[in-house]
Amino acid sequence: MKKVLLSGFEPFGGESINPSLKLIKRLENERWDDVEVHLVQLPVVFGESIKKLKKVIDEVDPDLVIGIGQAGGRTALSIERVAINVDDAVIADNEGNQPIDRPINSKGPAAYFSTLPIKRMMKAAREAGVPAMISNSAGTYVCNHLMYGILDLLAGTDKLGGFIHIPYLPEQVVDRPLQPSMALETMVKGIKAMVMAAVSGDKDDKIAAGALD
Amino acid sequence: MKKVLLSGFEPFGGESINPSLKLIKRLENERWDDVEVHLVQLPVVFGESIKKLKKVIDEVDPDLVIGIGQAGGRTALSIERVAINVDDAVIADNEGNQPIDRPINSKGPAAYFSTLPIKRMMKAAREAGVPAMISNSAGTYVCNHLMYGILDLLAGTDKLGGFIHIPYLPEQVVDRPLQPSMALETMVKGIKAMVMAAVSGDKDDKIAAGALD
Amino acid sequence: MKKVLLSGFEPFGGESINPSLKLIKRLENERWDDVEVHLVQLPVVFGESIKKLKKVIDEVDPDLVIGIGQAGGRTALSIERVAINVDDAVIADNEGNQPIDRPINSKGPAAYFSTLPIKRMMKAAREAGVPAMISNSAGTYVCNHLMYGILDLLAGTDKLGGFIHIPYLPEQVVDRPLQPSMALETMVKGIKAMVMAAVSGDKDDKIAAGALD
Amino acid sequence: MKKVLLSGFEPFGGESINPSLKLIKRLENERWDDVEVHLVQLPVVFGESIKKLKKVIDEVDPDLVIGIGQAGGRTALSIERVAINVDDAVIADNEGNQPIDRPINSKGPAAYFSTLPIKRMMKAAREAGVPAMISNSAGTYVCNHLMYGILDLLAGTDKLGGFIHIPYLPEQVVDRPLQPSMALETMVKGIKAMVMAAVSGDKDDKIAAGALD
C-alpha cells in the first residue's frame, strides 16, 4: 500500500484561516482505501517550512509528497506544473522574512517540474465533479518555495512530489463577496480523487491543459 | 406561521443544470422551523414564468415570494435590490422568444424595489458563513422579468417579494475552471439564513452595501 | 445646431485623478462639427453635484445632458440604461456625506430610463474601434445620484439625458496592474462617436445588448 | 550603441489582429535615441518561430533579444520572468501543430530565467505612466516556446534575452467589452521605456514584484 504525505500551511497574510490547514485537519477523519495518508502542518516561513517537511519525510518515508496551499482569488483546485528557483516575496512571511529575487537553492536547477501525474489528477477531480486545472505558476512565495524544496529533496529518488493550490473557503470571504471560494467538502472530494489518481501509476495521461499565455 | 414561496428555474442557455432547480429540490427535504415553505419550478420563458408563478401564489397565498435564479460568473449569493421594466434578451428563452428593449408592463413603473429586508438577509447569510451581497441589477433576461412580475403582482398587497441570484454549482464548471462556483450545501445554508431573516420582520437593517458604479 | 452639455467629476475615493475630469478638459480642445458642446466640472457630493449641474442647464439650455463618471474596474465605456431612486454610499462623498438607503427624490419614481439612444451610441463607439457596452446599473453612489437627478430635472421636457461610466486611465493603475484601464485618446474617440450618434435623432436602434443576470 | 532585436507575432487563435505585430510595425516609425532597434515578424508556429528568429539574430548580432506576444485577457504589459521547457497547446498553432507535454529541448534545462533587468524595466514603464507587471508564467504555447528558444540560443553568450506579453488592442474587443485592452500608443510608450531601461545596464534593481500564488 502506497504512503502519501500531504502538507497544509498555517494562516498568513492577515487571514485567520488557511484552507489548506482546515483541509488536512478534515482529511484526518477521512476514510482512505488502499492508501496510507499522513498529514503535516507547516509554518508559512521560508526555509523552516521545507525543513519541517524534510523531517517528516525522513520519518514517514512516503511514496508521494504533495504540498497544499491557499491561492486566494483562484476558482478551482490548481495542480501546479512547475516550481521555479526564486523567492520574491511581496509580503513578509510569518517570521518577518521577505527575500527578493533570491535563489532557493543557488546550486539547483532553474525549475523542477512536478513528478506527479498532474493531468490524470486533474481529470479525476473533474470526474468527481470538482473544478480543477493545471497551473503553470505556483508564484514566488512560500508555496513555490516549498514545492521547489520538495522536488529538490526528492530529486534522484523514486518518490514523487508536487503541489496543489486551493481557493479560499466561503467563510473567509463573507465580507469580500467578489472573491471566489470553494466549500471544504468540495475540496475534500477533489483532493481525494487526485490522491487516488496519483497513486494509481506514475505515467501521466496525455491531455491538453496548457495556457496560451 | 409565515408562508414563503420559493421558485427555481429550469436549465437554459445551453446548460444541463440550473443551480436554482437543484436548490429547490434540495430544499424540499430540508427541515424548516417556524416557517412554511413552498417550492415551485418555473420555465425560463418570458411571460410563462410569471404566469405559472401567479397560479401558485393564488393557491398558496404566501406571505413572501422569492424568486431564485442562476447568475453564471458570480461568486456570492446576490440579493437583488431592484427589477427594471424592460426585457432585453441576448439569447432566446427556452421557447425561442428574444424580446429587445420591450417593457414588461407597458403601464407599469420603470422599476420596483425589492420589498424584502435585503440588508438583513445579506447579514444573516454572512453570519452563517456564506458569501452574500446586494446586487443592483438583476439583468434584463427572464430573472429580472420574473422579479418585476412578482413585485408588479404583489404591489398594493402586504405580501413581500424579491429575487436572489445564485452562482454556478461546481459540477457545472469542471471544464471551465476559471468560472467561480458555490457548493449546493453552501447555498442551502445561505438561503435558509436569508429566509429566516426575511420572515423575522419587514423593516430592514441600515447597512451600507451599495456600489460605487 | 444641437447643444450638448457634458459633465465630469472631481477625483474621489482616494484617487488623485478622475478620468472624467481629464476627459472633459481634453474635450475642450476638441473640434466638434455640427454640434455645440458645453462642459462642466462637478463635485463628488450628493445634492451639490446636481444643484451645480442644474444651474448650468438653466444657463446653457442644452438639448442633451450627459453625465460622465469614473467606474474603476470596468473595461469598456459603459452607457447606463437606468438610474434608480436610492443613495447607498459605501464610502463618504467629498464632503463627508454617506447616505444609506435614502431615496434621491422621495416623491420621484423608482427609476428613470436613460432617454438617450443608448444602443446607437454603443454601436457608434464600437464602429470607431472603442469597446463599449450597455450597463444596467450605475451603482448607488454619486454617479447614479447625478443620473437620476438629470432625468428627474428633464422629465416632461424634450431634452434628453443620460450617463456614461468610463474606466480608469492607465496612469491611475500603474501600481495596480491587474486593474483594467483605457487611454484618454480611446475615451475621446468613443465619447465623440457617442455624442454624434446621440444628436442624430432620438429614436434608438434595436440591438440586443442586455445582460443575463 | 546597443542593438536590440524585437519580435512580434502574426495573428492566431481566430483573431484577425495581433497587437504585437501592430506594435512592431508602429515601432518602425519611432525615433530611437542611443539604441539601434531591429524588428522582425514571426509565425505563430512551434519550431518555425524560433528558427526564423535565429536567422535574424545571426544577421543582426543584437545585444538584446526581446520577444513580444499577445496575452488576451491581461490588463498590463507583462514582463515574463521565466520560460519553461514544455509545449502544451490547447489550440493548434498556425500550421496545425498541437504538441502536448512535449519538451522544447529534450536536453535543455527545465527552465530559463529572463536575463533582462525585468524589475528595472517594470519600474521604467510605470514611471512612464504605463501599467506593467512581472509575470511568472509565459504559458505553454508559442510565446513560452519562443522565449525558451531565445534563452536557449543565447545561453553562454553575453547577449540578453526575454519576453514581454501585451494586452489586446481596443479594436480587438469592441464586441467583447468585458475583455481588458490597452491602446497602441500606451504600449509604445511602455515598450520604449522598457527597452531604454534594458540597455542601460544588466544588473537588475531589487524590487519586490512577485506573486503569492
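Going by the order they are written in, the chains are A, B, C and D; count residues from 1 in each one.
Everything that follows uses one rule, which is that contacts are C-beta pairs under 8 Å (C-beta built on N, C-alpha and C of every residue); 3 or more make two chains touch, one makes a residue touch a chain.
Predicted model only: the values in this text are computed from it and were never measured.
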> To reach chain D from chain B by way of touching chains, what is the minimum number of steps?
Replying inline: 2
> Which whole number of Å gives the spacing of the CA centres of chain C and chain D?
Replying inline: 37
>> Can you compute the centre-to-centre distance for chain B and chain C, using the mean CA position of each chain? Integer Å is fine.
In response: 29
>> Centroid from C-alpha atoms only, then distance chain A to chain C, rounded to Å. What do you get?
In response: 46
>> Quick check: what residues of chain A touch more than one other chain, meaning two or more?
In response: none
> Can you name every chain pair that touches?
Replying inline: A-B, A-D, B-C, C-D
> Okay, in this complex, where on chain D does chain C touch?
Replying inline: 75-76, 78, 125-126, 129-133, 170-171, 173-183, 185-186
> Which bits of chain B are touching chain C when the two form their complex?
Replying inline: 13, 69-74, 81-82, 84, 86-91, 98, 100-101, 109-113, 119, 134, 136-141, 143, 165, 204, 206-213
